[in-house]
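For clarity, chains are labelled A, B, C, D, E and F in written order, and residue numbers in each chain start from 1.
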Amino acid sequence: MIELLYLAAAVMFIIGLKRLGHPRTARSGNTIASLGMLVAVVVTLVDTEIVTWATVIAGLVVGGSIGAGVARRVQMTSMPELVAAFNGSGGAASALVALAEMIRIGPDTVAVEAGIATALSVGIGTVTLSGSFIAFGKLQGLLPGRPIGFEGTNALNGAIAVGAVAIAGWALATGSIGAWWLLAGVTLVLGVLAVLPIGGADMPVVISLLNSFSGLAAAATGFVIANSALIIGGALVGAAGLILTFQMSEAMNRSLANVLFSKFGGVAAGPAGDADAVNRATTEDVAITLAYANSVIVVPGYGMAVAQAQYALRDVADALEARGVKVTYAIHPVAGRMPGHMNVLLAEADIPYDQLLDLEQSNPKFHQTDVVIVVGANDVVNPSARDDATSPIYGMPILDVDHSKTVVVIKRSLSPGFAGIDNPLFYLDNTLMLFADAKEALESLTRSVVDA
Amino acid sequence: MSELVITGIVVFVLAAFVGFEVISKVPPTLHTPLMSGANAISGITIVGAITTAGLGSGTVAAVLGFLAITAATINVVGGFLVTDRMLSMFRNRPKAKARDD
Amino acid sequence: MRIGILNDVTQLQRRVTLTPDAVAKLTGDGWDVVIESGAGSGAGFADEAYRQVGAKVSSRQDSLAADVVLLLSPPDPATVGDLSPDAVVVGFLDPLGSPEVAQTLADAGVSAFSLEQIPRTTVAQSMDALSSQATAGGYAAVLVAADESTRFFPMLITAAGTMPPAKLLILGVGVAGLQAIATARRLGAVVSAYDIRPETREQVESLGATFIAAPTQQFQAGGYARAVSDETQAEQQQALADAVAQSDVVITTAMVPGRVAPRLITDAMIRQMKPGAVIVDMAAGSGGNVEHSVPDRRVEIDGVVILGPSDLASRVAGDASRMLAKNITSFLALLFSTEDGFDFENEIVAGSCVAYGGRLFDRAAGAGMEDADE
Amino acid sequence: MRIGILNDVTQLQRRVTLTPDAVAKLTGDGWDVVIESGAGSGAGFADEAYRQVGAKVSSRQDSLAADVVLLLSPPDPATVGDLSPDAVVVGFLDPLGSPEVAQTLADAGVSAFSLEQIPRTTVAQSMDALSSQATAGGYAAVLVAADESTRFFPMLITAAGTMPPAKLLILGVGVAGLQAIATARRLGAVVSAYDIRPETREQVESLGATFIAAPTQQFQAGGYARAVSDETQAEQQQALADAVAQSDVVITTAMVPGRVAPRLITDAMIRQMKPGAVIVDMAAGSGGNVEHSVPDRRVEIDGVVILGPSDLASRVAGDASRMLAKNITSFLALLFSTEDGFDFENEIVAGSCVAYGGRLFDRAAGAGMEDADE
Amino acid sequence: MIELLYLAAAVMFIIGLKRLGHPRTARSGNTIASLGMLVAVVVTLVDTEIVTWATVIAGLVVGGSIGAGVARRVQMTSMPELVAAFNGSGGAASALVALAEMIRIGPDTVAVEAGIATALSVGIGTVTLSGSFIAFGKLQGLLPGRPIGFEGTNALNGAIAVGAVAIAGWALATGSIGAWWLLAGVTLVLGVLAVLPIGGADMPVVISLLNSFSGLAAAATGFVIANSALIIGGALVGAAGLILTFQMSEAMNRSLANVLFSKFGGVAAGPAGDADAVNRATTEDVAITLAYANSVIVVPGYGMAVAQAQYALRDVADALEARGVKVTYAIHPVAGRMPGHMNVLLAEADIPYDQLLDLEQSNPKFHQTDVVIVVGANDVVNPSARDDATSPIYGMPILDVDHSKTVVVIKRSLSPGFAGIDNPLFYLDNTLMLFADAKEALESLTRSVVDA
Amino acid sequence: MSELVITGIVVFVLAAFVGFEVISKVPPTLHTPLMSGANAISGITIVGAITTAGLGSGTVAAVLGFLAITAATINVVGGFLVTDRMLSMFRNRPKAKARDD
């Protein structure tokens, strides 16, 4: 019976995970998964012949308060490090359970399979623990974000890993409890050394990988205590976390190996200099932002013309309108390189005239607009023309796109436009930069908007 | 190999397949929430912690058990709550055409 | 057999019935071609070009003496007199507008085929000169209007202000009207249109323009609109008045074959229009859709300019002549496809014949006449 | 203060410096406006329309006596004589083409600002009358060419044959050239273009047209092309000759401020063109890009028609005047934004001033002069 | 060990199934799945202590020859009925194994769980058997394709099903072998009665559902003989088959319930009269056809103009060109309703002039073209203008699209065009009809081509 | 319920999830081949048939076993072969850009 209830919990995990992958269902997915967890915990509390209620309740209360307190209070911007910290606890818990079980049964009487499982649980769990907290430190600024290490870091870590396997073998063979503690210590160090050489910007990928690890640790613990809930739940998270890790490194246009091992291997290829100061976005980010907006204003510029992106732009607008998003176009009087440049191109794509707003019509609208999408425009949305009396273009009326909730800018780089001056818009907190050729970006945007 | 372990392996492999398949292409905005939610699920180890600590044999095991329960509970409770907070931004726009999958 | 081409070039008529390319094809098929000097000059084809493809450049008399004579307009009696008695005449003979010409031709004993009378069927489309010339006319009408208008057709948002797009209204959506819609839309104007035939609504919309729905519409069989009742006309005028008043440019193309063109725009409606607005009346030569319109004259009423150009196809004389030449060669190929005499069983041959064997051709009795002839 | 508007309407010049809308804005801002009767007639604005927005419709004398006088072209000495001595003159004064006019104005003691001399900077774009009028000109040039051409611009596949699209070549891709490209593309022509400034390649392509790469290109600072060396010119002509020979229509817009327009198309190149081809030389008034081109005349060489229209902007007189009025009001707002005298620190004010305080304005010493003045 | 090899086989089934879902990988997926089967069979032969080799080998040889022979020889057009027949055998095999096991162990000594599993296996297996062969008969024309039944069919079947459950209970309670045989007989009849009332056109959906059933039967048999390979393989097919069944009824714009129960419930909504005589295609069919072509010629007509589908058409062409497919357009001189109608619209969508062919240029090309896609054209591609001297449009030159390998026609119905006459093109064997508004069809086509 | 049955249920449920997830949106052209391939997989019952028939106890069971093996083998062999035939049309065009998923 208890097994079937565990199975029910596992099914809820599966459904929860699946729903977490889609914006529309993500929140309910989380709820379903948490209910699954509740089922598993209650079943366990009822089923286990608990003799030490005090310990159990104390643990639940202390852990629950810490978890809930931190989760409620932390800033939205510190989410990734919080996930890292939680993940570390999870890894620790798995390792601790395996160790406790080992001690309970007695290190010398344990079966080989259980021993191997314990070694895996301890090893993976502690790596998760220490690795997660290094990641946490890097993101919180407690540790320097830059890669820390030396040429041979990867080799050293390899050696430590081999050592850990040897220690595990020794522990299994001798049944010495000290060997188990040593194993835990060594893998703890391994976690630290493996994450330190990775740059702060790559931490989310690392956390995701460690998340997959904590799943594997839980599964290993499941083998130790012969509990199917742990095996299923752990395997699920281990696999799902791995897929997610690949997707995240893919979204950064990196291979996972490049993220994990590159910094001191020479290949290091991080984002360029001042591009660090902007919020880079991917097509999917932008698609979600647009798809869930109520109103979108498009600001086309010379870059749209250069990319001949007018048809692709029209397709994005159609996809948005099909979702009920209101789309209009704000045309700056000098956008492009000739009077009426944008008009010619938008007319080519048969964008209805009544969706075109000129400067006077659009400026009062920006502050009530969810998203402005700037397609290859630059000077005409440069706030320094409005705010900076020393700017060479000071006095030119601009489109006040920065008054909207979110600005998405599609251009290939941070290069300046016709006037040859930098644009503070790109560095604003509510600006997302999508660096790409306008046509290509808009084409993939259409697909992503349809799928969002 | 014991029957139990073999069954465990079968279950593990199948669950891993479910895990692989259940994650289709996820929009990057959901990467962190999904990671966080999955991480909370990996707190299932709490079940093991309760079993081990509850059976109570010896001080070391008890301390370890207490620590394990605490750590696992932090992971579970904090994880699900924080995921929910992150996801509160995805409240469905009423105007969008209802399209469920 | 010899084909004769005439030089009908005037200030307003710049087309020619056969282009050098078409002549080359015909001479290749074994025809002799004689062309009056200068016939192609209005459409950009020099005598030399015709000579190079084997035509004989000669006098008007020579061309008129040919076996087949091609005409761009109904011939005057003098011209008919110069034809050889067994000549075949093919061209725009306007048998409905000037029935006396057909009689003259019949009296002269020649066989005369009117391009206007070729049935508007699917199979006859390659010979349909009305369609091809209306295509040129609809295109040119928009250019004339754009040139006359003091406004840009497309919308322009510039540092010197926002110029809204021009509003064009097309009345009568036959071949010319559709081409006018297409051309105006290309130029970026906002186009709406109206025709009395209900099926034109879909056609207008298929070009991205708006159809102006009128309260009463009546479907007419055969593709042609017939004269509509006074009452219908009144209602329709009321419905259109608003549209007209808002337009920067109105182009009217409404015609009813063999009748005076319907009056669509009255003096009162013109006076509701904005100063600077332009009306192009393509039916000016057939009585006019627009009050005050005079063929080939520029009339200004309260700041509204009314043009009645009759030379629209000639404004793209080169391509209009190319299309016409294609129509005529297709028609000649059909006409002379039978060995012994014309095949009056064929509805195209019978439909287009106006005079045969010294008599006006009676379409209903077509086949019978042929018998009589043998 | 009072603004005076003159009636400069002729057959070829149909624009007006201020539209009724612009006058309404100015009177709202506290200006008096006096307008010579009929000034708006060429652009579709009746005297009555001006009167309704508070302007005084009056004689030429009255308008010339105003504090600020707006001009469409350099004034003749008589006109200058009628100005009040402390008048401010704003308009197209052509200081590079007719430097003597500036001298006359300086001698009369008036302050004179030339719209042509407003710097082509980003900030000055709302006052840039050269751009706005070139926009109208580029648009109209295509309409003129389309009207003159004997061919359709778009491709048409019809039952009467396939008409391939017309090939247009635009030489000189400034404001007018770009607008011509855009308009020709709208009409469906296949467009290619050339300019001596290399950055125009991207601009041409951004309108979907093809850039004709020439072997030698040299970049010129400041947005303006300077006269190019003889050698470069020869190479370039060779490169363009093929393109010209294949084109159905060529529109040339190449100009170099203060100099004679470069000769881009020679007699030899014209004779390589197809009969029926059309050339529109927008630089005909500044010396001509095309051999044989004569301002406002239609010249035919070997069947190729060469037009040199000087009235292109006036062909869309209404919208051209609207844009011009917006330019002028923006400029006046800047000019009179300072309380005491003109702000010669401002590069637009200094850049456009040609005469001030009885002397020709020396731009370099701009600020100094102002001191001298006080 | 044997369990782990079974697991390996199961993994191969999973991978095989996944790959079967994508055109590019489908064939290799089938191979992988068949290798998994080989592994499972060999393992079983080695592991089982077979005493009756003769029976086993005879079964394998006889079954193998029949299966291979039929699979090789059958016409491509009879595939669905063949699948039905194979599926029937599968269901029969599961029921037989369960019965044999029941007899081997003895009906009165069997455990309750095993008994329930046996009942499920027998019940589902026999329904699959008889249902599949009825489907086979309908498709082969051995039985009439029209629905056979009466008003109360569904009720009767419900009653039989309830009866079957009662018989199973009786069999379990009494341990009477006769009861088991009775059960098999009753469910055999149920299969017949359930499928007979369903029309021949819906048979593919029914076969897919029965396929899912045969998976469930195998899984039930797995419980009977406690074999994980059967449980996993059966569950996989049961679930995958169900999903596929839903997708298939969705592709027909029907709900599964509507397919199974509608005919005598009143809602029956089959395809219209003569539309039966044409090959209807879905967007996905067309997308695959286009995506794997080398050259495609588009023939636009008045319907494209009415739908204002020129931009959507351009998007499809772009998607095809991105895959390396050569796309050109054949413009008939009188396509549309005015001279140059197609030219205006294609120019709006900026389709390059050099991709436009007129009648003379395109007609020689069709016979070497893989796919012609006719978008809302009708009269201009009507072969009777060429072949049928009695046709009112005889003599009009047409585009000889029927000379190409495949013709796809997008229009909303079989309604005639301007000339008001029927078009034999639509009924040709190499013509696929996609009934839809041109714009909508092309829009979803773009997505499907990108995904194909 | 016996341990074995419970394990069976767990395995069944997980495998069913894999089955659900593994089938994403399938293009209709692949409906029949996929159905056919899945059907061949359901012939896994051949394993049961071999076990049962191989153990051989009594004539009835032997006959049933033989029939079961025969039927299952038809399903397996015929199913995979016919699927392969159907799929032979999807041979990759060499020109198409290599895109594997």
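Everything below uses one rule, namely that a residue touches a chain if its C-beta (ideal position, glycine included) is under 8 Å from a C-beta of that chain, and two chains touch if they have at least 3 such contacts.
What you see is a predicted model, and the numbers here were worked out from it, not measured in a lab.
Peer 1: Out of curiosity, which chains are bumping into both chain E and chain F?
Peer 2: Neighbours common to chain E and chain F are A, B.
Peer 1: Of all chains present, which has the mean Cα position farthest from that of chain E?
Peer 2: So the farthest one, by centre of C-alpha atoms, is D.
Peer 1: Hey, which pair has more contacts between C-betas, C-E or B-E?
Peer 2: More contacting C-beta pairs are found at C-E.
Peer 1: Which chain maximises the distance between its CA centroid and that of chain F?
Peer 2: Taking each chain's C-alpha mean as its centre, the farthest from chain F is D.
Peer 1: Taking all residue numbers at the chain A to chain E contact, is the shared part over half or under half, that is, same or different?
Peer 2: Same: most residue numbers at the chain A-chain E interface appear in both copies.
Peer 1: I'd like the Å distance between the centres of chain B and chain D, where a centre is the mean of that chain's Cα atoms.
Peer 2: Centre separation, chain B to chain D: 72 Å.
Peer 1: Could you work out how far the Cα centre of chain D sits from that of chain E, in whole Å?
Peer 2: Computed from C-alpha means, the inter-chain centre distance equals 68 Å.
Peer 1: Suppose each chain is reduced to the average of its Cα coordinates; what separation in Å results between chain A and chain E?
Peer 2: 40
Peer 1: Need the CA-centroid distance for the pair chain B / chain F, whole Å please.
Peer 2: It comes to 33 Å between the two C-alpha centres.
Peer 1: Hunt down the residues of chain F that sit against at least two other chains at once, touch-wise.
Peer 2: Residues 1, 7, 10-11, 13-15, 17-18, 21-22, 24 of chain F touch two or more partner chains.
Peer 1: Going through chain E residue by residue, note those that touch at least 2 other chains and give them in order.
Peer 2: 10, 14, 18, 228, 232, 333-334, 339-340, 344, 347-348, 350
Peer 1: Counting only residues that touch at least two other chains, what does the list for chain D look like?
Peer 2: 125-126, 131-132, 135, 154, 156, 158-161, 163, 186, 188, 208
Peer 1: So which chains actually touch one another? I want all the pairs, not just one.
Peer 2: In this structure, the chains touch in these pairs: A-B, A-C, A-D, A-E, A-F, B-E, B-F, C-D, C-E, D-E, E-F.
Peer 1: For the complex, give me every residue of chain E touching chain C.
Peer 2: Going through chain E, the ones touching chain C are 302, 305-306, 308, 333-334, 336-341, 344-345, 347-348, 379, 392-396, 418-419.
Peer 1: Quick check: in the complex, which residue numbers of chain F touch chain E?
Peer 2: Touch list, chain F to chain E: 1-2, 4-5, 8, 11-13, 15-20, 22-58, 60-62, 64-88, 90-93, 95-97, 99-101.
Peer 1: Any idea which chain D residues touch chain A in the complex?
Peer 2: Per the touch definition, chain D meets chain A at residues 121-123, 125-126, 131-132, 135, 175, 178-179, 182, 185-186, 202-203, 205-208.
Peer 1: Quick one: which bits of chain A touch chain E in the complex? Just the residue numbers, please.
Peer 2: The touching residues are 311, 314-315, 348-350, 447, 450.
Peer 1: Applying the document's contact rule, which stretches of chain F touch chain A when the two form their complex?
Peer 2: Going by the criterion above, the answer is residues 1, 6-7, 9-10, 13-14, 17, 21.
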